[in-house]
Amino acid sequence: METSSSLSFLLTLPLIGVLIAWVMPKAVQRLYAIFGSALILALTVYETSGLLFAKSADLAKTFVVDQKLSWVPEIGFSLSLRLDSVSAWFVVLNTLVALVAFSLRGVWYRKYPRLFTSFGFFLVFALNAAFLSTDLITFYLAYEAVFIPMIFMVGIWGENQKAASVLRFFIMSFLGSILMLVSIFYLVYLNHEASGVYSAQITDLIHFTATQDPVKLCWPFMGFFAAFAIKVPLVPFHGWLKDVYTNAPMPGTIWMSGILSKLGVIGMIRFVLPLFPQTAAMHQGWLVTLAAISIVYAALLAIRSNDGKSLLAYSSISHLGFVMLGIFSLKSNGITAAILLSVGHTLVSALLFFLYHQVEERQAELNLESPHGLAPLYPVLFVSLFVSVLASVSLPGTLNFGGEFLVLLNAYPVSALCTILSGLGVILGAVYMLKFYQQLGLGSDAQKPTSSGVITKDIGAYDLVLVLMLLSVIVYGGLQPAMFLKGN
Amino acid sequence: MITLEPWMMLVVSMIIFCIGLLGVILRKNLLIMLMCVELMLNGVNLSFVAFSKMHQILDGHLTVLFVMTVAAAESAVGLGLVIALFRNLRTVDSDQIQMLRD
Amino acid sequence: MNNTLIILLPLLGFFINGVWHLIASSKGKKVSPFASGTIATLAMAGSFALALTQFLKLRAMPVESRLIEETLFQWMKLGGLSVDFALRFDSLSAVFTLVITGVGTLIHLYSVGYMSDEENIAKYFSYLNFFCFMMLNLVLGATLPHVFLGWEGVGLASYLLIGFWYKEMPNVLAGQKAFIMNRIGDLGFLIAMFIGFKFAGTLDLLEIQKAVLSPHVVTVFGLLIFFACTGKSAQIPLFTWLPDAMAGPTPVSALIHAATMVTSGIYLLARLNPIIAASDIVLSTIAIVGGLTALVAAIIACFQSDLKKVLAYSTVSQLGFMFMACGVGAFQVGVFHVMTHAFFKALLFLAAGSVIHALHGEQNIFEMGGLRKKLPLTFITFTAGWAAILGLPPFSGFFSKDEIIYETLVSHHGNKIIFGLAIISAALTAFYMTRLYLLVFFGNARMDKKKFDHAHESPWVMGAPLAVLATLSLVGGWFGAPVSLDHGAAEVSEISPHLIMFVSVVIATLGAGLAFFKYSKNTKVEKTTDVFGIDRIYGVAFGRGLQKLSSGAAKYVEEWVVQRIIQVSAALVDLSGNMIKVLQVGSAQAYLMMIVLAVVAIFAWFFLGAGIYGNF
Amino acid sequence: MIDHLDVMMPWALLSGGILITLLVSVIRVDTKRPAQISAVITLLATLISCLGLLQVPAETVFSGIVEISPLTHFILALFSAIGILFILGGDRYLNKEGLHLSDYYHLLLILILGASALTCSKDLVVTFISLEVMSLPAYTLTGFRRNDSRSNEAAIKYYILGGAIGAVFLLGTSFMFGATGSTNLNTIFTWSQSGHSDMVIFGMGHLLILIAFMFKVAAAPFHFWKPDVYEGAPTPVTGIMATVVTTAAFVTLVRLIHIVDFNNPSWATYAVTVKHVIRWMAALSLIVGSAVIITQKNLKRMLAYSSISHTGYLLLGVLGSLGKGEEIQSVMIYLFGYTLMTSGIFALMSQSEPKADTGIELIDLTGLMKRSPIQTMLWSIFFFSMAGMPFTVGFFTKYFVFMSSIGSGETPLVVLAALCTVVSAYAYMRPIALMVMRDADPTAANWNSGFWSQIVAVAAAAGVVFLGVMPNAMIQYLKGIPLIH
């Protein structure tokens, strides 16, 4: 095994970032945030490179790092972290999403900029902790801690209906996570009864649940499922999503759709399936059905959305439905495909929201009911947007295609019907994403706005570099998904 | 010849206690409610004496002395509060003091 | 290496033109159409040359082992699935590659002239090159996912090119329609792949043919593949996008919607012919659907007044012929017709483009007439195309179409119904093509005098491709089917091929004659009639239906169920809070009363409920 | 003779301090500083001497009616610390309200003396007397705003209900005395291990005593007094009641529950009864607390309902510890954490200068972010802690009570508690939303952070966060304190 320095490093670095934000002058916060997160990204990639770029799954296994820091030994809490090829991807994506979110210009760099930057770095910290954690309690703590900056982010920099939407977001997520917490306690207690030690270590608990009757584990399973189904979200647990996505400031939206939703994904992969393999198998029928319904239902809602953000929000639910479908196939191949797809979804949704923000900066009133015809005015921006849209509709050659294709391929033997239903989502995906692009870019002969204060230039050089970076990962991943398919 | 059995004293004490309780619940005058609280305490005092007699020990009697002292202090405080209230509201009717609710 | 270069050259062209376009348009400059077109055409020509060398190399090989394979890299590997990014050049791919690159080169060349006024010319050529790149992936890909890559890629290119003039919403919507209808078919492709992988354990095109599959699986697989083909090749039920696709520039219609992309369905069926032919249900479905499409499209074509739309329906109809051929097991005949059709239909489109170009965008055939003098080259080449599609000997169409009609009768998968459908469609084809031919080139000029006077023959870049294609339309059929895929065909039959030949020529002549009588003098304006109303029905069923479904989901499920559950539970909590609050009346005596009640309850339970006497 | 005066030193100091403060108050001077200073010095001395005695093993004094143990020292230290915090933090509030009288200080000291005596008592009569010693200053302090009829009303209500409940407690004592012939807890416990006669009368007595303390900790359905009294009382007094009185009452409640030997099979049925009573009260407290809290607009009433729901959680811990005396640390940890955050909240609250005379309302918090980001942060920390969010002490307090009641098979109740947590979390998030997301309402209160109250709030917030991240020391220490012998 490696030395364990790399893991605490992944956690301490963002925290240092939080502190430095308060000594930096307000005017340079954006610059600081971008450089800081880029630095963290570079270091993270460097640290995890063994896992990310390993030629084979077996080779990757040699780079897995485990670290256990005692935290509250009296009650068996420990800071157990594990960096393997699954968490490595999520950790890297996390910082990448932070970089994208920090790169946006907006009110958050004018109003309380330090607070924004420090919230952002805190999010990076909490998410890293959640992605790396193999101790259920630590995971829960990190999982909850993510709310705190998120609530404030929506609250302080959000738009009109923010209070109601953020409260709903908080309450629904909290409902799920507290049910998970009770389930964790229950498992820890049962394990304590059986083995005499308090431990929330996933390895210990897996040993324990393996000996239990799967029917008995139904309730704890439901607790975990509720938390992650709300977080991802699966239909019908998505009631919080649209409002908070639309009212959140764009970085918040990017964080939420890009990486917060992956908390649910990693929770399912890391905790639910290993802890309750048989229970999950018992319930597989409706789990798969739920995933398929999510795909189609969210796509239907997206078709009707006339607001870009809510359209993208629903499309996010729809795509995450595919991820869930792969996970609920309960086969390691399906799960691996789901990881691939969630990497793709993270990149694409971050990119789409990022570009949509760029469009919004150039034309304030963006109603998708009527065509705006902006593409000829900002050709580079719209080409980027179009390629992102194509990735989102999972055109072959993009990362998302590999993900969706492999997910469906592995889900087909489980449930042909649900796979076909999900396949309808692919068609509907094309319908709404094309609508999104066409109404923004095509169909009318627009003029550049003349009023001052509005950006009239095409996408800036820095933004373009960022976009190209993401796009190249998406396309490279589409041609070489093997890099992302090293198993879980 | 009828002897005074402890249970008889207990019954009386319970009756006194309940009278006191009912008084607190039903009367509208704060001063009478105050007195009824004292009545409750005195009912209990009686039961202490009864049990003390039953067990043939003096602890109960001793307790009664303490309780009486406490009751005196308590009613002093109570009266002070009622006076303060009366200064502000010019009433000692318990129905008039229902501003804090919900 | 050559296989790779064949696809890389168009990709390179795509990148050069694409980046050029972006740079130029963000600087507000124009790209020279000639330079841009030269790059694109050269890329295609190079590709064609390479394909030709590969083809010759292939010819030199022994018949059984005619295959040149190049593996570029491993694409996907997960569990039992291993998909390589490999290019396979065999005789079937060769035909398609040559058609794509050859006709493609000509159309690129033609576009240089046709699109010279276009502002975003570099974008146009980059899209064209991109299309060719994807189409070549489709026909060269060694695995089903690779074919699917091309399959979706050409769909995308088609979307972009149909909506090329994107400032008008109808064009954009036509592209969207094409893309989405293709996607519906693609779903069939996807599921076919899933079934194939589940039962055969591989997605390699060669291996999957060798896999032993149960008849049931074969049938489902074949039907799904065919469903995918109906999308891409515009067959019933997914054919309505093709006429709308005429919103794109005419060379695009010629290349994508006549010569190449729409024939990829035939390619796929021919490629998978052992599996397709293994199921009678699949074959007869293909034959019937193909026949019906041929007939229906031909009927609709008779009522069109838009020059390009007539040709579009004609394409649909001809594709129906090809599917008929596949459906009776004569895959090589289908492929033969793909080739000849590519020549003459591309020719017809380009010639039509030339007419439209000359008339500055006029597409209504009742606003034309008498153009044979004004546009002699166009007229001559169009005549060649006309003769070919009618199936007049010795034009190429004669050979392929005649063979299809013959096979429908003699193949043991064929029968009289299909034969009847073929014959009637052939007659109708002759009718509407002649109608078109007469209305455009003969009679009086019915457009403005000024417009007529302004009409002039196209420049050589447009003329040369016309000439080449006209030649090919003439000679393209002389050498017979270019590839042999014998499954159930070539039965010995008592019916003489010559008899069928005779019948088909007579039928074509009859159709043409009827049109001649009707349209040679009388040129009363006919409005386009939506004969079957299929488009309208689809519009209601899918367009409006989807909107209804979507708003229904939003209103009834989202608003009334999902959101309502949240609201109601919030309201319930609030209500319970308010109800509990009712007890907080503010009177100390009431509080004491409630305390007493609680005490009484506890004691009652202490004495009664807990069975205290039994245990104490 | 009294040969344990050394361990009694803190109480002696406190009592002496009370006398001195009383003396100072009696000498009329214009400034109230002398009483304040003497009170602070008294509490400091008490605190220091308590801390010095923390390691002294438990021993009974005064012929068995009082037991001095690490727990009682700890609790007195805690109370003194809270007392200091509230004297310092409330200074500004008292001046503003015109309540700065010397009497305030000695009443406060007597309250603390009574509360700490309550936790030491090993005799029911002593318990009664210390209960009254605690309650009488509490009544008086509640009515301390003499010229405000709301304050008077609160005091009267508190007084009447408290007096009646005192009588109920005494009745219970009398029954216990009747059944066992003693009021000494050790004797009663010994009796319960062997004696089998008069169990009904004993059970009645025990239940009455429990009910009396359930009233003191405001478990539903005995909670009605709490919102009204909280609303009427001066803010620092409310704070004292929420911390000192609640803690003392809870510790005593737990001790009094365990005067019966539940492990003795002959008490099995009764144990079930007690368990059911506590279970129902816990469930009702949780439901009432969390359901009503979301309908509240007055901040103090909100905190009253919040404390009712916290009582529910504490009862969960009690339930988990029933018959397992050593597991009482869940209650202790909860009380400690709750005390910490409540002190902070009340310190913040005493900084307000509401414009309406109905006290501080939620609306007074609107737009606080714009006016004072630091206050907003402090409020948020306390509210997050109340909701049990991670990295605050509130998470660990909940962890322990949940764990301990899952351990005793109360999982459905824990699920209920979890659901109630969600509901009350909404109530705690709402003020945060108001502070952060709304512009200030024109009728909103002014906020003036006095130096000392700010220090108190910051210290409490730091404690909340520190214990939320590094709870080891707290857990270790509180685990080592046995409550019941």
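Here are a few things to note about the model shown:
In order of appearance the chains are A, B, C and D, and numbering begins at 1 in each one.
Note that a contact is a pair of C-beta atoms (placed from the backbone, for glycine too) under 8 Å apart; a residue touches a chain by one contact, two chains touch by 3 or more.
Everything numeric here is computed off the predicted structure, so don't read it as measured data.
Counting C-beta pairs in contact, the pair that comes out ahead of the other among B-D and C-D is B-D. Taking the mean of the C-alpha atoms as each chain's centre, chain B and chain D sit 26 Å apart.
Spacing of chain C relative to chain D, judged by their CA centroids, is 77 angstrom. Chain C has its Cα centroid 36 Å from the Cα centroid of chain A. Each chain gets one centre point, the mean of its Cα atoms, and the points for chain A and chain B are 66 Å apart. The multi-chain contact residues of chain C, meaning those touching 2 or more other chains, are 581, 584, 586, 588-589, 592. Counting partner chains per residue, chain D has residues 156-157, 160, 164, 227-228, 295 touching two or more of them.
The full set of touching chain pairs reads A-C, A-D, B-C, B-D, C-D.
The part of chain D that touches chain B in the complex is made up of residues 125, 128-129, 132, 136, 139-140, 143, 146-150, 152-157, 159-160, 163-164, 166-167, 170-171, 173-175, 177-178, 181-183, 227-228, 231-232, 295-296, 301.
Residues of chain D that touch chain C in their complex: 156-157, 160-161, 164-165, 168, 199-200, 203-204, 207-208, 211, 215, 221-222, 224-225, 227-228, 268-270, 272-273, 276-277, 287-288, 291-295, 423. Residue ranges of chain A in contact with chain C, taken from their complex: 168, 172, 235-236, 238-240, 297, 300-301, 303-304, 331-333, 336-337, 371, 373, 375-376, 379-380, 383, 390, 395-397, 402, 405-406, 408-410, 412-413, 416, 419-420, 423-424, 426-428, 430-431, 434-435, 438, 441-445, 458, 479-482, 485. Contact residues on chain B toward chain C in their complex (touch as defined above): 21, 24-26, 33, 94-95, 97-102.
Those residues of chain A that touch chain D in the shared complex are 72-75, 112, 115, 137, 140-142, 144-145, 147-148, 151-152, 155-156, 158, 162-163, 166-167, 170-171, 174-175, 178-179, 181-182, 185-186, 188-189, 192.
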